[in-house]
Amino acid sequence: MKRTIFYSAVCLLFGATILYDGILYAEESKSAPSATDIIAYSLDNIILFISAVLVFFMQAGFAMVESGLNSSKNTVNILFKNLMDVSFGVIFFWFIGYGLMYPGGAFEGGWFGFAGFMVGNEAPVAAGGTLHPQADFLFQAAFAATAATIVSGAVAGRMKFSGYLIYSIILTALIYPISGMWKWGGGWLNALGFHDFAGSLVVHAVGGFAGLAGALVLGPRIGKFDAEGKPKIMPAHSLSLASLGVFILWVGWYGFNPGSQLAFAGSDNTNAVLLIAVNTTLAAAGGAAGAMMLTWTLFKKPELSMALNGALAGLVGITANCDTVSNGSALAIGLIAGFIVVFGIKMLDKLKIDDPVGAFPVHGLAGVWGGIAAAIFGGKDFMPQIIGSVVIPIWAFISMFLVFYLIDKILGIRVSREEELKGLDITEHGEEAYSGFQIFTVE
Amino acid sequence: MKLIKAVIQPHKLTDVKEALKEAKVTKMTVSNALGCGQQAGYSETYRGVVHEVNLLKKTVIEIAVNDDFVQPTVEAIIKGANTGNIGDGKIFISTLDEVIRIRTSEKGKEAIG
Amino acid sequence: MKRTIFYSAVCLLFGATILYDGILYAEESKSAPSATDIIAYSLDNIILFISAVLVFFMQAGFAMVESGLNSSKNTVNILFKNLMDVSFGVIFFWFIGYGLMYPGGAFEGGWFGFAGFMVGNEAPVAAGGTLHPQADFLFQAAFAATAATIVSGAVAGRMKFSGYLIYSIILTALIYPISGMWKWGGGWLNALGFHDFAGSLVVHAVGGFAGLAGALVLGPRIGKFDAEGKPKIMPAHSLSLASLGVFILWVGWYGFNPGSQLAFAGSDNTNAVLLIAVNTTLAAAGGAAGAMMLTWTLFKKPELSMALNGALAGLVGITANCDTVSNGSALAIGLIAGFIVVFGIKMLDKLKIDDPVGAFPVHGLAGVWGGIAAAIFGGKDFMPQIIGSVVIPIWAFISMFLVFYLIDKILGIRVSREEELKGLDITEHGEEAYSGFQIFTVE
Amino acid sequence: MKRTIFYSAVCLLFGATILYDGILYAEESKSAPSATDIIAYSLDNIILFISAVLVFFMQAGFAMVESGLNSSKNTVNILFKNLMDVSFGVIFFWFIGYGLMYPGGAFEGGWFGFAGFMVGNEAPVAAGGTLHPQADFLFQAAFAATAATIVSGAVAGRMKFSGYLIYSIILTALIYPISGMWKWGGGWLNALGFHDFAGSLVVHAVGGFAGLAGALVLGPRIGKFDAEGKPKIMPAHSLSLASLGVFILWVGWYGFNPGSQLAFAGSDNTNAVLLIAVNTTLAAAGGAAGAMMLTWTLFKKPELSMALNGALAGLVGITANCDTVSNGSALAIGLIAGFIVVFGIKMLDKLKIDDPVGAFPVHGLAGVWGGIAAAIFGGKDFMPQIIGSVVIPIWAFISMFLVFYLIDKILGIRVSREEELKGLDITEHGEEAYSGFQIFTVE
Amino acid sequence: MKLIKAVIQPHKLTDVKEALKEAKVTKMTVSNALGCGQQAGYSETYRGVVHEVNLLKKTVIEIAVNDDFVQPTVEAIIKGANTGNIGDGKIFISTLDEVIRIRTSEKGKEAIG
Amino acid sequence: MKLIKAVIQPHKLTDVKEALKEAKVTKMTVSNALGCGQQAGYSETYRGVVHEVNLLKKTVIEIAVNDDFVQPTVEAIIKGANTGNIGDGKIFISTLDEVIRIRTSEKGKEAIG
């Protein structure tokens, strides 16, 4: 190969630098970015930017999954909620949230801190692994919007649009950044040794448990449970769009997990990213396979909507631990997540909780599973994993329950019976999603 | 033989079917339509243009019955569909000259049930 | 961090090169690409290629937005126009357009030039910031196809397919490259100091004003205005697909704007790209929020189709100035673009111009706004910005009006009344988009 | 440009290294990765990872194309098959397939080898062009899943879900890796000098001919041919989704072809990638244009579903030779592929073979065309190209015919007449794709 | 009481509704159907296979009226739907034995309007 | 004049149209409906919840004919739709008081064909 020879030549001319990753050198000359430092800086920041783009793409996936799995009469409403989640999410996370989540070293090990409003634009001294604040913000903002958008599925079909916007702003500006700070902002959970690589807990469980709180405050949709409390079918209006959404989410997750390495140059980083990417893939595959096989056994027919949720659960489950488990473990984590989601959905039905898209089993339960799996398969200490996997959900659930409760008391959170029956698209927005199509609910 | 055609609110179909079952009427043909009656519609905006929608979604149930079944069938439909609100719908009854079962070519009373 | 230490070590061994970006060295040794140069060359060209991929993805977004916002009976026709926009666009921009748009230094400051047919494949001497002609072409071709595809929304539902193909070829082969050359090809607008970073004017306003010309030559769809000239509703057949399209366009814009930096290695470039990416995000969010709030105030209901247009308008508005404004200004530019698009759509209704998807307000008006905003918020001189923001739209409008007018005179541009009522899918293509679905227009 | 000056400066300080790509140096010091080597290693592996992401995204494209081009009553089934293709495909290619396809140097020039189960995670010594096994696996797994998913279109509407899963596992675990090894694993076809850059034969023709085998074993769908054997229309239920799928596949192909360079750092690699990307674009455009113009001539109306297939055929046709032909040849290869697909579909109708989405013409015929075109336009030797382009299809067809035949004998491969008429969604999965929509087949 | 059922061209519905409004007929049930009559269909191609479509989209309006309203209603429909082209559609009139308002259980004349 | 309304299995429509053509009946109006009769439905699961679907997809054909055409039309429908299985469907016949062609205002016998 010409290429290899060329590099070898370069290498010789540069002095046959015999260096391996990780050899320790005491002296640092931080103020002097070498050409290599600058290239590493560019590579790190540009690839993080590309990862952020992939994570933003997940918004399209969530919009398709959540609207697809619901009835056509609430489609505009769900799509609109998703659009505003990302729009308001970005704006408020930029204005307040980022400063709360990354308050800086002064608050290390703490519970709460604030670095000030808005996001800086001062370029750091270029070096591999050093992130420009704008790059870091973009990536984190995409995560915040993800946490917010998870809830719209759980509260679909009955929550007022105005109340939803308030919820969405509070989550991205306050609730998510505060618990996020505990781990990723260098807070007390981080100090404790809690490991959550890309946010099974920090992102997904927050969204999932917030969704559970919303579903509880709202109560089930009319017709979801019959007089005897037996669950009834409220079927998906488009499994095509839901499937498309899952494929998009799967793709977007390659920004979510590998991107969370936050640095890409240097062979340690590169190697980590690649393992993470393969683990993410195997967990998604395992989740889909697990849920598919379980529904086949339990219900005698392989069910697509469950397998789709299974793939997502696999992805959520691997998120906390993708950097620290083997390929085989990743597959196992995914498979188990696929089982969890099926049982979780049945459990909600038993408890008469109505979570139309399964946001709680997929993001809440599989999120907790991800945190625990980091101990079981990833060699992390059990104690910190258990604490983190319990405290973050509790925080999200209680704080958001309060938020939903207050929204209810002050504004009323649920649309009227008639509005719900007619559908939120017509009553809240005066717009139908599928004009001209004959859509007909007969049972 | 009579043909009973009821125009009802879509979300009352389950109740009507339930009531019909109790009245031992299990055969029917259901379709959808848009209805314009006393019930006020709603207004839709699209890109800032307002539009009055006065054709509302309705469900149509058609049941062919022998004459002695007309009364119980009508009562069952009313029981299932009535809420006392405008828009509850109407029942239209007409005479059938003949009913034929395609499978067996049976006619009349035997075919209807 | 092992990584930091490693890089510091490398740095020391290389001679503790104390270099900052931008230190000036008089001597250059262009003929000798160092290893760093080569890596920078690879990084720049590969990331530009990835940006081009994101911009090509926008074609999917346009196809979904434009078909989704129209009636189902014209869906095949619109999708087909989009497919041919990119197909013929790429072919003809490759054959003629690229040579017209980038005629080379000999035509600097000029109005018109031609570098010859087709695109070269001679690799340049590798250096950071040096683009391979194939990379440059790919990126620019994606832009040309974008300009072309904007129009298909404005002329939807009534324009003959054959006439459309002719329009599309003329735009990508001639009209777009000529005005493009004025700015990006080093022509007179560039010499004047006009700033249009990624093409609010060069790309979007050209498409938007060409669309306006098309809409005027064609006249409104049957039924769009009633006997008294009052606008009537011709609703979207799928707001799901339209929303998906907007999410895709948002994602694709991360190739459009950040990619337009054209170079990524080196901290100046990297820093610029990151600011651009965040500004793009905040403007999109602002546009969606602005349009949503305005429709809520004006029409009493928050309207999704307007908010979707608002997000796009925010993206168009930031395109010219994303490199030169602050985050806060980006948000403001987006918000105002969101307002502009709502008023623009109402204005077209008043003027009895039928632009089914709002291509003119979104790309035309917000495009002009982007050019002016570069002066208001970005510190660019007002005079060149005003000149550029007026001249390019006039060029696009007049030249394309003529093109559409001639197509009409020679071939007839509009389908017959009956064809229009039946829908272009059946009459022009003998194909329906949604076979089996009961689709029913009752009012 | 500040940037250029900066790099020149760096260049000078490093000793004005006067080096061009490809200067030969005898000595290599493989054990010593320089900083440049490490960056090149990072760049290569990270960009390959991004390419793999693009190829995985193609799964969404296939799902949309294949379900969109079929009837709505089989939508869940097709989407589910696609989801399981990628899920089981990844799992089994990881477990067995990868070891079969890349058995290592010991089997060079051979027909069959095995490197062992699962995929390693030992990081190689960092160097440009050296791939981490996890990166390589991820990219190759995406290819294997692509080969598998092609078939689901050809067997749509009548094949049992259980039988399909068995097929899918066998293809990704055994059939595809074995012939893949012949070329990319360093086997006998590679030794022969056969050129298949990114898999016109290795991937697409394998999928296409496997699909043909499946279509033959299954026989046509009820109603596809009337009593006299005349083909009848079984129209697409959503040309929107099918078009979206094609746009997604087009975008994903930028990972498929350019990514197959497998190395990106160094100007040779970069230059190759850029040419490949432009060739891929022009071939897709040519395919769409060719098929469109041919249908317009033959059937008097430009037909979208054919133009969509044409674009895909163009992409398949360029896959084997994109690295070795000029832009103009790429356009010609695409155009011809567009013609081939139209005639191929007509031919299948004549032969009374029912391939609902045209998988065989698009992937099988255009795949063979791609192999031959590498000789005609790419200057490759005819003999090896012909051998490769004949042997791989024969292998795929015969082995898969056997597999389908055995599945049929043992389990029964086709659903019952009634199940087929009711649709596989209800009978195999008890789930409908579009709940509430009035879908009605009247003719 | 009579049931008037009109099969019209879909794009004439607005005109028919307008004409009915002038004739003070405001209650109706609208649905869609496919019609096969004198009107020639169109041909569809899909992947090169040609197919004659002879079931064309139609809109069906059903109006229950008292006998004295039959004439004005029919005239209004014709006024709104007639273009003089093949495919304009047809009106079918049959007798209703009974009409019942579900909300109030009113019958006959009171129920119909 | 009679109105013949047949509820058949969707996939038999082509056969019925064929049979009607042979019987020289070419005008008709076709729509879709959901039917509940002797035919057993199927069960659907969604997210683990089982649901009995007993409204099955049906196609409805309506044909207005002169009295002498009733017999051949009914026979043609039976010929096309009969498979001997439950679910084959039914034919309902009622009397039409009047038929009007919108295009020409022709009435009765002239209008029907």
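Here the chain labels run A, B, C, D, E and F in written order, and each chain numbers its own residues starting at 1.
Everything below uses one rule, namely that a contact is a pair of C-beta atoms (placed from the backbone, for glycine too) under 8 Å apart; a residue touches a chain by one contact, two chains touch by 3 or more.
None of these values were measured; they are calculated from a predicted model.
Colleague: Tell me which chains count as touching both chain D and chain F.
Modeller: For chain D paired with chain F, the chains in contact with each are A, E, in label order.
Colleague: For the pairs C-E and B-C, output the one whose chains share more C-beta pairs in contact.
Modeller: Per the contact counts, B-C leads.
Colleague: Of the pairs A-F, B-C or C-E, which has an interface that repeats that of D-F (more than half of the contact pairs shared)?
Modeller: Match found for D-F within A-F, B-C or C-E: C-E.
Colleague: Please work out the Cα centroid separation of chain A and chain C, and write it as a whole number of Å.
Modeller: That gives a centre separation of 30 Å.
Colleague: In whole angstrom, what separates the CA-based centres of chain A and chain E?
Modeller: The mean C-alpha positions of chain A and chain E differ by 53 Å.
Colleague: Please work out the Cα centroid separation of chain B and chain F, and write it as a whole number of Å.
Modeller: 18
Colleague: Where does chain F touch two or more other chains at once, residue-wise?
Modeller: 17, 30-32, 34, 44-46, 55, 94-95
Colleague: Give the residues of chain C touching no fewer than two other chains, as numbers and ranges.
Modeller: In chain C, the residues touching two or more other chains are 7, 10, 14, 17, 19, 21, 35-36, 39-40, 43, 50, 235-236, 238, 244, 265-266, 269, 299, 301, 303, 305, 430-432, 434, 437-438, 440-443.
Colleague: Kindly provide every pair of chains that touch.
Modeller: A-B, A-C, A-D, A-F, B-C, B-E, B-F, C-D, C-E, D-E, D-F, E-F
Colleague: In the complex of these two chains, what residues of chain F are touching chain D?
Modeller: Interface residues on the chain F side: 10-11, 13-14, 17, 30, 32, 42-46, 57, 59.
Colleague: Name, in rising order, each residue of chain C that touches chain D in their complex.
Modeller: The contact residues of chain C facing chain D are 7, 10, 14-15, 17, 19, 21-25, 27-43, 45-46, 49-50, 52-53, 56-57, 59-60, 63-64, 67-68, 75-76, 79-80, 82-84, 86-91, 94, 118-119, 121, 123, 126-129, 132, 134-135, 137-138, 141, 161, 238, 241, 244, 263, 265-266, 268-269, 428-438.
Colleague: Across the complex, what residues on chain B touch chain E?
Modeller: These residues of chain B touch chain E: 2, 6-8, 31-38, 55, 58, 60, 74, 77-78, 81-86, 88-95.
Colleague: If we count contacts the way the header does, which residues on chain D are in touch with chain F in the complex?
Modeller: The contact residues of chain D facing chain F are 421-422, 426-427, 430-432, 438, 440-443.
Colleague: Which residues of chain E touch chain D once you look at their complex with the stated criterion?
Modeller: 34, 44-51, 53, 55
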